[in-house]
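Each chain carries a letter (A, B, C and D) given by its place in the written order, and its residues are counted from 1.
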Amino acid sequence: MAKLRTWLPWLLLVAAALILPAILPPFRLNLLGRFLSLGIVALGIDLIWGFTGMLSLGQGIFFALGGYAIGMHLQLLSLAPGELPEFFGLYGVKQLPVFWQPFQSFVFTGLCVWVLPALVAGVLGYLVFRNRIKGVYFSILTQAALLVFFNFFNGQQKLINGTNGLKTDTARIFGELVGSDAMQRNLFWLTVVFVMAAWLLCRWLTRGRFGDALIAIRDDEPRLRFTGYNPTAYKTLVFAIAGAMAGVSGALYTVQSGIVSPQYMAVPFSIEMVIWVAVGGRGTLIGAVLGAVLINYAKSLVSEQLPETWLFIQGGLFLLVVTALPDGLVGWWRQGGPRHIKAMVGWPALAPTYPGLDLDPAAQAERQAFRSDLPPGGAP
Amino acid sequence: MKSFLMRKTTMRYVAGATAMAASLSLVACGGGGEKASGDFDGEVKVGILHSRSGTMAISENTVAEAELMAIEEINAKGGITIDGKKLKIVPVEEDGASDWPTFAEKAKKLIDQDQVAVVFGGWTSASRKAMLPVFEAKDHFLFYPIQYEGQECSKNIFYSGATPNQQAEPAVSWLLKNKGKDFFLVGSDYVYPRTANTIMKEQLKVEGGNLVGEDYLPLGNTEVAPIIAKIKQALPKGGVIVNTLNGDSNVAFFKQMKAAGITPANGYSIMSFSIAEEEVAAIGPEYLEGTYAAWNFFQSLDTPASKKFTTDFKAKYGENRVTNDPAESAYNMVYLWAAGAEKANSVDDNAVRKALIGVTFDAPQGKIEVQPNHHTTELVMIGEVQKDGMFKIIENKGVLKPIAWNQFVPETKGYTCDWTQDRPDAGKFKM
Amino acid sequence: MDLLYDTLFNGLAIGSVLVLAALGLAVVFGLMGVINMAHGELMMLGAYTTFVVQNLFKNGPLAGLFPIYILVAIPLAFLVSGLAGLLLEKTVIRRLYGRPLETLLATWGVSLILQQFVRSVSSAFVVGLVVAVALGLLAPRLWPSSWAQRRWTPLLAVASWVISGLIGIILANGLGGVRVLDQPWFSARNLDVTAPLWLRGSVELGGVNMPTARLFIVALTAIALVAVHWFLQKSVWGIRIRAVTQNRSMSDCLGIPTETVDALTFLVGSGLAGVAGVAVTLLGSVGPNLGGNYIVDCFMVVVLGGVGKLLGTVVAALGIGVLSYVIGSGSLLLLWPAMPAGLNELITFFATTSMAKVLVFALIVVFLQFRPAGLFPQKGRLVEA
Amino acid sequence: MTASIAVPLVAPLLELRGVSVSFDGFWALNDLNLSLAPGELRAVIGPNGAGKTTFLDVITGKVRPTKGDVVFRGRSLLGIAEHRIARLGIGRKFQTPRVYQNLSPRRNLELAVKGSHSPFNLLLGSLDSRQRQRVQELLAVVGLEAHASRRAGSLSHGQKQWLEIAMLLAQDPYVLLVDEPVAGLSEEETERTGALLRSLAGDHTVLVIEHDMDFIRELDCPVTVLHEGHVLCEGTMETVQSDPRVIEVYLGVEDDV
């Protein structure tokens, strides 16, 4: 029985991955694939925020870096030798900038998608953690770093095509158009595989003593330090891992969206990522993926019907989750949330604590009298 | 007991918050649907894709409204006639949310899910560049209404706004001839200003102007003191300032310029390419009076067609509203598409795209014609902002043909675009 | 010399806006440890108040007083933003004390709601909202008292809120049919706030041309600083606020109403945001995005200045002001024309406002490597390692 | 009239030499000299604000002394990061019990148990049987076997105090710095804690900071009295208690005396 419970979600997931492409129209499937890929960056945030207690508002940096790496590779891939991506020509760039050269190689790009964001995250993290900057200071600093990257990428037409970003839909892999339905279906499956892999990685990281150390950092970092641990190393490592996951997520998102642009580093987007995790349930891993998919699907649907209302709903969600559901949907579920609701409507019936006393008619009458004594309006 | 009470207050709070969020959202939507009228033999869906939320909603709402007005007008006259059948145009609206990747997502949705015949949409160049690969990959059809930086000629896009040679270049020539040789270029830090300024710099070289400085503000930035200092340094005694700022920065720019005494009265000629009647009203005419703008349509254009357009727009959306170039261009493109479809006798996007070349329309600005490079001819005018927020037309350059690949920029000089030619590189080839 | 003068004035001009904008944030963050991401939106409310006041003075009996409308707008904006802040404290932030990261997220949610609120608000909207809230609050009083402590009471509360919400929505939609009521008050557009004539010009001071609007803001900032300093150091409530900051439980024991103190602190911080909102109408646009344009800058000032000291905020803001001016305007090139070519290129590369911002932020991040607690850190054992 | 303590013949394990710490001009420690011999049990007392916690902060590397030196096993600890000092063999228990609330006591101990603490080791390696056994032993020592899998946050105050002591032992340090180990404990628990600490001395050097004089008397060990950041006197509990200076700082003395 317990076996089945462990495996059931996986079976369902695999079944869904096999069935959905057959029944969903290409557009909806593509949406699902994109939102699933966002689940990977959310998993990374769960790792650093849910487990380690560091709220990064700058995951967009690493997300976009992964996207840019794959974006440039696809641009270069579909060119004849000697040709340059179109935008370079418009800004008078005659030769491929040196730092883009290696992106002609698939292997290099494949590495870069996660190694580059991990390195940037590692360096940034090391500098910040070394100085014991944490809490809201860390959040604000990551946001500032995000803004630095955003402004820089927006302003650099000659190197990275500025605001316009890089397009991928019209590139070809193995002669197949990236934007085509068949290729998008393959990318969906690829995404499912990566989400599972990311989930397994996070689970491995968080289950053992390493995970305990992360939780210890979150709950009492100085204590851990006096036990002989160097939290800086842990935090840097885990921040780099989250950065790598963001990079992979960004790359998958980019090929399924058809474009990577500095907009991926916009301030609100990175904050939204955090809220996916909060809604799903931080510290639960699966909640992060769930939150990313649910909220983005909701956003997509709402914006089709009532675009003006999305900000109200999103703002309301922030408030609701933070104040009333601090453990998110998954946390609520695991703590028996549905049972509470059921109990409220009297099912199952309240069991008497002291049957002899509670069921005594005299005691009940007294309780009734006490109730009617209450002032109107009830609860104090 | 205690925990029960606490839970209850929490629950109340939850309930309250949920209800508030829900009510706020639903209240916000208000409004109702339109009623179908007349008898049609069928329908044809078209997509309308603009930012209805976020920072760009300010500008794009007007454009979407102009498109809806054109659709309503066409439907009122019996829709479009294909094969003798009257088809009603049904708009499917989507929100780009001022977020360029969202434009790509929604474009995909309109094409795949709603199967629209054409998409009217976009404002910023970045949103167009985001949608472009979608339309190219799916070989579908976008109509784009805004003046832009050129250097693009897609088989899948029709452009009803001005190319630089229909707005910026004539304006620069006019400034050189009438206002002075020393130019300072100010723009927002994104594609249109950067590219437009590149073009103008080349033009200044060719036509004997003198670039004394340029600067870029991050989008949404409102601190312009460093720019003003630079302008004062570079142009102490007056000169020409060309402004391609976008959105909020414009307000800050003009307010602080005025305060610093960089005004037309002190010998500064300021030409803007992103400020139309609507923006004048939002910034305040008192800050803009005496500055110039170059457009293909002004509300003050004194022709019957122009007057009718403005009257109809005000009747539909309110007396306090104004018309402007982007709205007119958006309005035109719906009519152009309808004419193209009737000419092709089909709403199939490939057929319409072929048929559109050569189609003409009696627009509010006058007669316009779709050229083989998928752009339209435009009337080019220069206006000066008046006290009442309207433009006085001070120069009329006549109707000019669009040039997609810029002829001042060395990289594209000598290239052209002609989709009537049967060649693989019809989008960009050497003349 | 002229150049130095110029740089100082412009740095002061840019910096004073930052001081004013960040002051309220610094007060709230420094004294309560609360990160208020909706600070920018409270500024926006101040700016919208200015717009309303301006319209009152534009025509009608008050038209003669138009030149001083801004002086009326300042206290009003303080009040409007302050009350909005108070409401925020009472409903949301109160529940989140001691959880700064959650506060950050919740206030970000509030900022989104406020942004959309000014875009969507119309008479019908307000009527619906007020009715829904009133019904929701009144509902428990209409129940029989025996319902108050049942197991299902929480569900009843949820249901009553949902129903009142729905009534509000239906009402608003019904009223929305009337054009006058449906007209948005502000809409998503930028609003035209015209400064009085005397704030649109400039004066010559020592050979340098100084816009009066800038001088006004510098003066306003100075007054606000003095007022805040006086309030915190000399007034009874200021002393109570500081007492609570230093030792909450002890203050509680001594009979200081800590809840009132929290509310008051937040009200003052929010009110200051409102005043900053008035000031920025002189310089830039008034629209729903106003807050977002300032918020990150404000946080940079607070973090750089160090928490809990007004002096830090002032020095940090002025430093950022001077630095962004010097880098953005390329004055270094003028100061030192014979600079080596490499350096010259580097400086030119950053000499646009856009790249200057990148560089200034990067420099702040680097600076915090050396002084992680900012320019004026709190010292002593109280600071957690 | 300095109380005389038998000066051990062996070299001191931990020595503070003329340590002073200034916070913004306030001298929390002022020329503090103190040395601990291997295997010694020492109690440190002092009125509030005497610098007791700062004194621990200096040893564990949290606060860097303004002047002076801290020498442990012949090497200076100045400028060494906290976690390295901990690895050298100095363990610290905090004033209020600080355990990882969201982990079980067993996991708390598994984190603390002696061994490599590098992230890669935690990820790729696992506890060996000796370490596992040690954790089990310690759970037994502090009587938490039955609660080994509960959330540590749900333990009672006394259980948390002991869990933290167990964590300290798991580190197997040379020196245990124990800050107020019996605050908030019942009489019986206090007694057991005292016995535990006494049993540790000999194998470990134990330094106890405590306010509870009865407890210190029970420990039956040399006592150091801190006052205004320096050592007021040292000696057995009896000598210290009869020292007029100690009485003065604890009870206060009227100005005119």
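In the analysis below, contacts are C-beta pairs under 8 Å (C-beta built on N, C-alpha and C of every residue); 3 or more make two chains touch, one makes a residue touch a chain.
Protein names from UniProt, one per chain: A = Urea ABC transporter permease subunit UrtC; C = Urea ABC transporter permease subunit UrtB.
Predicted, not measured: the structure shown is a model, and the values here were computed from it.
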Chain whose Cα centroid lies at the greatest distance from that of chain D:
B
Pair joined by more contacting C-beta pairs (A-D or A-B)
A-B
Distance from the mean Cα position of chain D to that of chain C, given in whole angstrom
47
Chain A and chain D: spacing of chain centres that average the CA atoms, whole Å:
43
If you average the CA atoms of chain A and of chain B, how far apart do the two points sit, in angstrom?
35
I'd like to verify one number: the distance from the centre of chain B to the centre of chain C, where each centre is the average of its C-alpha atoms, in whole angstrom.
33
Could you pull out the residues of chain A that touch at least 2 other chains?
151, 154-155, 222, 308-309, 311-312, 315-317, 319, 323, 379
If a residue has to touch 2 or more other chains to count, which residues of chain C qualify?
95, 113, 116, 119-120, 153-155, 292, 352, 354, 357, 385
Sites on chain D at which at least two other chains make contact
62, 82
Seen from chain A, its contact residues with chain D in the complex are 205, 208-210, 212-213, 215-216, 219-220, 222-231, 233-234, 237
For chain A, which residues count as touching chain B in their complex?
25-28, 30-31, 34, 89-92, 151, 154-155, 157, 162-165, 167-170, 177-180, 257-259, 261, 263-264, 266, 300, 303-304, 306-313, 315-317, 319-320, 323-325, 340, 379-380
Residue numbers of chain A touching chain C in their complex, please.
49, 55, 127, 131-133, 135-137, 139-141, 143-145, 147-148, 151-152, 154-155, 222, 267, 271, 274-275, 278, 308-309, 311-312, 314-319, 321-323, 326, 341, 343-346, 350, 371-372, 374-379
For the complex, which residues does chain C have touching chain B?
6, 10, 13-14, 17, 95, 113, 116-117, 119-120, 122, 124-125, 128-129, 132-133, 136, 153-155, 157-162, 164-166, 168-169, 172-173, 176-177, 182, 188-195, 199-202, 209, 211-214, 280, 282-287, 289-290, 292-294, 324-325, 328-331, 334, 352-354, 356-357
Which chain D residues qualify as touching chain A in the complex?
60, 62, 81-84, 86-87, 91-92, 94, 98-103, 107, 110-112, 117-119, 122-123, 126-127, 167, 171
